[in-house]
Structure formats: structure tokens, C-alpha cells
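Letters are used for the chains, namely A, B, C and D, taken in the order the chains are written, and counting of residues starts over at 1 for each.
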Amino acid sequence: MNDHKVHKIGVLTSGGDAPGMNAATRAIVRTATYYGLDIIGFMKGYYGLVHNEFIELNNRSVSNTIQRGGTFLRSARCQEFRTEEGRKQAARNLEQLGVDTLLVIGGDGSLRGAHLLTEVWQGQVIGLPGTIDNDLAGTDYTIGFFTALDTALDAIDKLRDTADAIDRVFIVEVMGRMAGFIAQGVGIGGGAEEIIVPEYAFDIDTISEHIELAKNKGKVSFIMVLAEGAYEGGAMVLSQVLTEKTGIACRPCVLGYIQRGGSPAALDRILATKLGAYSVEAALQGVSGVMVGLINKELSLTPLEKTWTEKKPLDAYLEKIQPILAQ
Amino acid sequence: MNDHKVHKIGVLTSGGDAPGMNAATRAIVRTATYYGLDIIGFMKGYYGLVHNEFIELNNRSVSNTIQRGGTFLRSARCQEFRTEEGRKQAARNLEQLGVDTLLVIGGDGSLRGAHLLTEVWQGQVIGLPGTIDNDLAGTDYTIGFFTALDTALDAIDKLRDTADAIDRVFIVEVMGRMAGFIAQGVGIGGGAEEIIVPEYAFDIDTISEHIELAKNKGKVSFIMVLAEGAYEGGAMVLSQVLTEKTGIACRPCVLGYIQRGGSPAALDRILATKLGAYSVEAALQGVSGVMVGLINKELSLTPLEKTWTEKKPLDAYLEKIQPILAQ
Amino acid sequence: MNDHKVHKIGVLTSGGDAPGMNAATRAIVRTATYYGLDIIGFMKGYYGLVHNEFIELNNRSVSNTIQRGGTFLRSARCQEFRTEEGRKQAARNLEQLGVDTLLVIGGDGSLRGAHLLTEVWQGQVIGLPGTIDNDLAGTDYTIGFFTALDTALDAIDKLRDTADAIDRVFIVEVMGRMAGFIAQGVGIGGGAEEIIVPEYAFDIDTISEHIELAKNKGKVSFIMVLAEGAYEGGAMVLSQVLTEKTGIACRPCVLGYIQRGGSPAALDRILATKLGAYSVEAALQGVSGVMVGLINKELSLTPLEKTWTEKKPLDAYLEKIQPILAQ
Amino acid sequence: MNDHKVHKIGVLTSGGDAPGMNAATRAIVRTATYYGLDIIGFMKGYYGLVHNEFIELNNRSVSNTIQRGGTFLRSARCQEFRTEEGRKQAARNLEQLGVDTLLVIGGDGSLRGAHLLTEVWQGQVIGLPGTIDNDLAGTDYTIGFFTALDTALDAIDKLRDTADAIDRVFIVEVMGRMAGFIAQGVGIGGGAEEIIVPEYAFDIDTISEHIELAKNKGKVSFIMVLAEGAYEGGAMVLSQVLTEKTGIACRPCVLGYIQRGGSPAALDRILATKLGAYSVEAALQGVSGVMVGLINKELSLTPLEKTWTEKKPLDAYLEKIQPILAQ
């Protein structure tokens, strides 16, 4: 299978951590070992690449990691890698280390970095979609999204207990600057009365009317799920605006960083494992400049640029039926 | 949309309960109400149909149910419905109640019943895939499968703690008489050393060697996931056989009914909600004798018979890479 | 046992909801039924008492409630009950309904209300400690505290994943205006580097030094747990102050209302069940003006006033060893 | 504080693993370090002591362990330590290593071992109660018990979903050979219709009548919790017996080893942390031959022998009210 004479693989995790990154790293390491390749892990994302901080990896290094949240390779922002000089330094390190293929697990910012690296380095670069936001084209789902959904949903279930008990209106802010996948998913799954996402316009007066109408109909509780990027100032500001407009106390609840943590859900581990193994096999076939993904249950390769230039749409049917369900 | 002049819908849940059945019922009720239809729920599956036990349903009946495990419409075995006379009685009840469309949420046995009903009743019959086993063709996933995966995985994570601490070999039996979807999913997700499913042959001597080899290599723990239908007698018998063959104590762990319960995971709620809403819309379009499903992210209709005659395959790539990952 | 000729009991839940309130109500109802008493539940706390909103309760009303968060009797603020006229109206309602004993499940505000009621009503009034804050004397633990601990701890475990992965400082705000029980418990349980509670003074410069010191020692992550009442403005303001002082980004995370929800933990169900049953037995023995509690594993009665005038201390040994553990 | 001139501490975990063992080890290590002591950990319990397998421990060794299930020091059975010669070998190893104090975290078997060691070794031996069974006198609760309660309760909640949906009778077997603490706790917390523990006699005919009576009253589901040691053959045999007697299908569910695993609950982490720190402080004060514990919120020392010769009673009030609650 090793048509391209790959001998040594480097792997890094970059950007915000996502549950399942360790599962992906584990699958990469074990698949690489199976095919007789050497493998090293750069620490703290591109920072480790620029500063030559890395560890040797083997099958034992990844024992007992599949169920761990976070990323044991760690992650960080790296200003230097944003400069061409930084990326050239990274390329020099890769050459000196004899790395043939670099695997980058991360979100759109990380994949942009991977793309820029291909301009200054001759090796193969392959991305894996690792972000809770699910905002990358080229894959139906990103590693971490499923766990974030369950974490946010668990929080909404808990809020519903209080909302039901004491007639509360909650504005729950979930992650998603540019994309509403988490908001739509937990909004539907949590039976939210309202879902606000960056992808669709909304009218604040209509929402106010919905709140007032619900109160007049005696609907006990009202939960609105807001993607953080859909309203300037997020739930903190929106709750003030709606409280003023309606005269009904609207309470903000910002879920924040808890959405990134936790032991990965089954589907994130399975997705991470498949994509991890496949990224090594794709490397052996000589591909570069692409992200591995899963589209309609098939493993796929997508040019890196397309993963952030193409907009992956929300589920239109869920958008259509949400008001019906929230009656 | 109501081309077919549907006025009244009946819904029932049948067979083993599955997390998300309530979410499906909720979506059915609210969508039916939205389209101005009457809706009733038969209690205890086909038993309620034969014995005319039902309740009126409205939007309030399904408040605060989306997150509940089990099924508030309840379920039961019904011998009478297995006879033609029983099904004719059911048909008479449906006619007297003025039900135009019956929605059946359940697994393959329940859908067979739905199919037989179409032979004696002129109304529309539409199935929804509700079973943790995921063993129905015509849909990528069945309602309840995702939650069962997470429940079984959580159990395996806990067993791993002990297996690691005290060098144990565990044979974990998960549900799945004819299909290995749960076993494969949690086996991969739990990093199992061995996965045994009904779909693939296995050799007990090879497995014994794997256990002995792992022990000789000093691998701390060894977890084998067994689909209940893959070995006569299940984990209880297999653990005895393997203990004898290897001289290493292999402990059985039968997860059993806990896999059916629990608050549904996000994806089960979303799937149940989509299929519930869509089943009502499909009814309004006049279809009958089909199961609603989701294939490659698209809503779909599949003739009832095909859902159990066609065999849905396990994930072949996971099957291929499992031994690589378990190194 | 019924020395005092009790015939009819009323029960209400008041103030913020707490996991286990339903378990307490269930135990009250079943114990009352066992002793042949009638029992009604006032809806929305004192609001239902003043407005005569109530439901009849029996053993079936409380089936399948022990595991539910929130309170099915609901809760609310009631301005009228803060006036003497409101309380007199409540007393008239109790007399007309023939209620002999009122059981009030709630926190210190609710117990104050119960105490005031004894001034205008001749019946028996018994309180049950229902609040996640654990800030009532007269009982080692309050109903809801254990669940809130586990919920907050789960959030901190998740934050730790990210904090470890990307070197973050998190200021986690937990509930507790006047008391640091949750903060101390999850701070110790989560291995927090710093715990700030209302009971102990703290010096912001010392904390800044700790953060800087940890960074200099290369300690990967730093988590500070803050009881909401321990710092004016909470985590939002404190994180800004510390970021400025240290030059290290300190991120706030306000857990908020999720701490009140969720299925009650085993210990909350057990405590609620014991106190619920005991409150009915105490009523039959003729006591009034007291709160039931559990002190050193023994059921106890404490005058209502003492429950809020006496300050229950934090665990001094945990306070002493916390800096040792956070090394 | 170091009156007794302790310089070096050894720690081991022994017997079945229990959630919180790592938290105890962490507290021991950090407290020892704080007091300037050396500390080593013996691997696999007494096996490591006899075979001189150990690791040096420091503050970093126990980073990020407080939330982990299992025990990173591992555990094992050790036949050799059951012989006097084995214990003498252990004593020789301790002397050669210069260990002054040995801390043993485990259940009654482990503490018996600790006691026997004092007969052949002059150093200090202090036990910590680490077992999910809670069957040690000298402490209100043992490390691991709280987590096991929540794990078993979660399973029962899930079974209740199915039991309610399809009218099932479940016999749930939980751990507890000699003691019914888990059974009583989850039986009350799960609202079980019947609880069978080793401490109290039971009559199988009475139980059969209860099952028949419940069915006749139309009670939907029936859950019986059985401590494994309360009936010869456990739930597998009892379910057959009861099925025959009643003619109603009684299904067994053996929770098994999952009760030992999982991330420790808040209370187990707090208890483990307190006892871990206190065991080191007790060592510095020169005590030996005792187990540290927590009785009525106070840290305590109990002679090792007393911890297994004295029988800790179940909660009598819960025993009394259980039939009232299960109406």
C-alpha cells in the first residue's frame, strides 16, 4: 500500500480542543505502527512544530487514551506560525526530523495553517476535522461535535427542570461563532421554544411576541437556544433586551467551555478512529493538501481550501419543523 | 399537503422499548395537531389495538416527554395480534374509531405486524424504526441505537478501570441477536481487544491465542465485546470455555436491559423528531406500507418488507481496522 | 402514633428548586397515606397557599417521581405572603381546607415564611431543608446539595480537559451567596488550585501571585472555584481584575442554573426520603415550628429560627489541607 | 508535627479497586511531600510489597488523577502474602527500602493483611477504608461507596424505564457479599418494591405474594434489589425460583463489575482526600495498627481488628420505612 514511500509521520492537534482528538491520535499511532512507520507527536500544535517540541509515539503511548477528553498532545495559539518565517522554520524542522507526512487535527483555523504550510514544505499534509463546531465542509460531522451536543443537551435538560418548576425564561448560549450546528441540534433535542443561529435571520420583535404569547397561553417554561455568533453580545445582552421588551425576566445562561470537555461520546470515538486510521492510509497512497472526512458513510478526501470556503448547510428540515414542535 | 384526506391518526409503540420513542410520539402529536388532525395513542402496542385501549393525545400530552426514556404509550407482547382474527379485530377497532392512518414505532417484529395489518385493513400504515439494535434496512440508524451505544460504552469504560487495575479479562455481552451494530460500535469506541458479532465467523482457538498473547506481552487488560446472538449461551458460556482453554480467568459481564433505558442521547432525539414529523407528512401524502427512515441524511420511504428481508451490513472499514487498533 | 389527631396534611415546595424535592414529596405522600391521613399539595409554594391552588395527592400521584429533578408541585416567589394580610389569607385557607399540618420544603427564605405563618395560624408547621446551598443549621446536609456538587464537579472535570490542553486559567463561579459549601466541595473534589468562599477572607494579590507562580513553575492549568457571594460581581469581574494584575488571561465560567437541575443523586434521594417520612411521623407526634434534619446520622428537630440564625461552619480540615493538595 | 521521625512512606492499594483510590493516593503523596517525606508506591498491592515492585512518587506523579477510576498503583491477589514467609519477605523489603510507615488502601481482606504485617514488621501500618461495599466499622463511609451507589442507581433508573414500559419484574443483583449497604441505598433511592440484604431474614413466599399483589393491583413495574450475598446463587437463581412460584416472568439483571469503575463521585473524592491527608498526619503523630475513618464528620482512628470484627449496622430507619414507600 505504501506507494509513496512514507517513512515517518508527524501529528499535531491545534486550535480549541475537542473530545475525540485523543481517539484520533490513538488510531493514527496504531495504524502507522501497523504499517511499519515511525511516528512523532508535536506538542501544543504549531507551536511545537516551530519550536521543535515533540515526543516519540508508539502503541503504548496511546493506551488508555481513547476515552479521555482534551488532547494529550496539547494545543496552543502560535503567532509565529502566522508569519511566513515561522512556517519556514516549521518546514526546516520537519525536514531535519525526516518527517514525510504531517497530520493536523483541528478546526478551520488549523486547516488554514496546514494549507499555508504546503506552500513552503514539500511533504504531504493531511487534515482531520477536529472541532466541536461542525463547521467544516468535506465531512458530515467533525470530531467532537457529538459530545458537545450531548453536553449542551444535558445542561438544557437540567435548566428545563428549573424552568418548569419556577416559570423561567432562559436564553442558553452555546458555542458556534459562524455556524449553528450545536444550537440547532440541542435546540431540537432539548425541545427549545426558540433557536437562533447565524445562518438564519431573526426578528427580535417576533421573538418577544413568542415569549409573551407563551406566557399568556400559560406555557410553563420557555427555553431559547442561541448560537454565540448569532447575536452581538450573546445571551448576556439578548436577555437584557428581551427582558426590557417583554417585561418578563429572561435569564442568560452561557454554557461556555464545558462544551469542549468530557469523555468523548461513542460516535466521536468511532469517527475519530475511522478518520485517524484512514488519514494514515491516505498518506500511504500519496495524497496531500486534503482533509479526510466522512460523507454519507463513505470515507472521503476534500481539498483543504474547500473545507472552509464552502459553507456546510444546517439541516433544512429541522429548521422547517422547529416551530411546529415548539407549539 | 393533505392530498389524501387524512383526518385521524393512531400511533403505538411496540416490541422492546427504545430511548427516543417518546420523542417520536411527541413529534407525531405536534405535527398532527399542526395539520389539524386528530390523534390517539393505543396503549401497550398491538394489545391496545386489539383491545381498543387508547388515549386522546394533544400538544400538552407530550410536554416534557422528549427527554424521557421508555415509552409512555407503553408496550407489550400480544399473542392475539399474531392471529388473523386478532388483526381483524384490530381493523374493526380502527374503522370504528375513524382512524385513517396508523403509525407503528418499533423493531422488525413490530413492522412485520404492521405489514400483516395492511392485509386486513384499508387504512394507511406507516412504520418508524424504533429499536436499539439498528438491525433494520431502510434507515442508516434506528431510534434508540445511539443511546444504547453510549450506555454500553459507559459500562465498558467502567470495566476498563477495573480491568486495568487488576489485570482482568472481561467478556462483555451486549444486545444484538441477529446484528452486531452495538457490539461493533462499543467495541471500537471502547478500544476492545476483540469484537464478536453474528455477521462474521470467528474461531475460538484464535481468540484463545489472542488472550494468551496479550498476557504474555504484559498487556494489562483484555476486553472482549460479544453480541448476544453471536455465541450460543452468550458471555456466561463463552467465558467458561475461554477460561478452560487459556487457563486465564475470563469473567462474563452481561449488560442486559440497562441498554434499553435512559434519557435519549441528542442524536436519538433528533432522529426521532425528524422521523416523527416526517411520518405524519408522509401520511398526508397518502403513502402506506412503508417505513420512514434516514439514508445519507435524506428522509426516505422503504417498503415494510424490505426493512427485514434486506440485511443492513456492518461497517466494513471498522471490521478491517479493528485488529490494527487493538494491537 | 397519631397522638395529636392529625387528619390532613398540606405540603408545598418553595424558593429555588432543588433535586430531591420530588423524592421528599413522594415520601411524605406515601407515609401520610400509610398512616391514614389525607394529603394535598399547594402549587407554586406560598403562592398556592394564598391563592388556594392545590391538588389532592395519593400514592399514584407520586409514582415515578423519585428520580425527577425540579418539583412537580412547582415553586414561585410570592409577594403577598410577605405581608401579614397575605399570611392571614393563607391561614384562612388552611383552616377552611381542614389542614392540620403544613410541611414546607425549601431553603432559609422558605423556612422564614414558615416561621411567620406560625404567628397567624394555629396548625402545626414543619420545615424540610430543600436547597442546593446547604446553608441551613440543624442538618448536616440539605436536600439537593449532593446533586449540585456532582453537577458542578462534572463541569469542572470538563473544564480541566481544556485547561490542561491549552494552558488556561479558569475562574469557575458556583452557587452560594452566603455559604461556600458547594465551592469548597467541588474545589476539593475537582483539585482546584484555589477556592474562594464567603466564609474566609482572601487577598487578591496573594491569588495573583499564586497564578503567576503556577505559570512560572510550568503548571499546565489553573482552576479557581469561586462561590458567587464571595466577590462582588462574581467571576466576570474577578477574571478581569486578575487578568489585569497578572497579565495572564483568566477566563470566567459561570455555571449558573444548571446546578439546580438534574435527576437527584442517590444521597439526595435517600436524605429526601428519610426526611419526608420523618416529617410526617413528627407531625403525628405533635411537633411544630421545627425543621427536620439529619445530624450525625440521627434524625433531628431544630427550631425554625435556629436554622438561619445559627451559622453552619465549613469543613475546617478541608480548608486547612487545600493549599497542600493544590501544590 | 513529625514527632515520630517518619522519613519515608510506602503506599499500596489492595483488593478490589474502588473509585477514589487514586484521589486518596494523590492526597497522601502531596501531604507527604508537604511534610518533607519521601514516598514510594508499591505496585499491585501486597504483590509489589513481596516482590519489591515499586515506583517513586512525587507531586507530579499524581497530577490529573483525582478524577480517574481504578487505581494507577494497580491491585492484585497475592498468595505469598498469605503465608508468614511472604509477610517476612515484605518486612525485609520495607526495611531495606527504609520505609517507616506503610499506608494500605483497601477493604477488609486488605486490612487483615495490614494487621498481620504488624506482627512481623516494626514500622507503622495505617489502613484507609477503600471498598465500594462500605462494610468496615470505624468509618461511616468507605472510599468508593458513594460512586457505586450512583452507578447502581443509574442502572436501576434505566431498568425502570423498561419495567414501566413493558410491565416487567426485575431482580437486580448488586455487590455486597456480607453487607447490604449498596442494596439498601439504591433500593431506597431507586424506589424499589423490595430490598433483600444479608442483614435481614426474608421469606420467599412473602415476596412471591408481594409480586402477585402488585400485579393484581395493576402496579406497572416491580423492581427488587438483591445484595449478591443475600441469596445463594444470586439473581440468576432467585429469578427462576420466583418465576416458578408466581407464574410471572421475573428477569435477573446482574450489575457486576461496572459498580467498581467510573470517575469518583464528589463525596468519594472528598472523603478520599481527607483520609489520605489525615493518614499521613497520623503517621507523623506515631500511630500504628489503626484505620483512619470519618465518624459523625470527625476524623477518627480505629484499631485494625475492630474494623472487621465489629459489624456496622444498616440504616434501621430506612429498613423500617421501605415497605411504606413501596406501597
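Things to note:
Here is the rule we go by: contacts are C-beta pairs under 8 Å (C-beta built on N, C-alpha and C of every residue); 3 or more make two chains touch, one makes a residue touch a chain.
Just so you know, these numbers come straight off a predicted model, no measurement behind them.
Between subunit A and subunit D, the least number of touch steps comes to 2.
Taken together, subunit B and subunit D share no touching chain.
Placing every chain at the mean of its C-alpha atoms, the farthest one from subunit C is found to be B. Centres computed as Cα averages put subunit A at a distance of 36 Å from subunit C. Centre-to-centre separation of subunit A and subunit B, using mean CA positions: 28 Å.
Once the centre of each chain is set as its mean CA position, subunit B and subunit C turn out to be 39 Å apart. Those residues of subunit A in touch with two or more other chains are numbered 157, 160, 164, 220. Contact between chains, using the touch rule, shows up for A-B, A-C, B-D, C-D. Touching subunit B in their complex are the following residues of subunit D: 13, 16-17, 19, 68-71, 74-76, 151, 155, 157-162, 164-168, 170, 220, 251, 253-254, 256-258, 260-262. Of all residues in subunit A, only 26-27, 30-31, 33-34, 59, 64, 66-67, 140, 146, 149-150, 153, 157, 160, 164, 185-186, 188-191, 220, 263, 265-267, 269-270, 273-274, 277-278, 296-297, 299, 315, 317-318, 321, 324-325, 327 touch subunit B in the complex they form.
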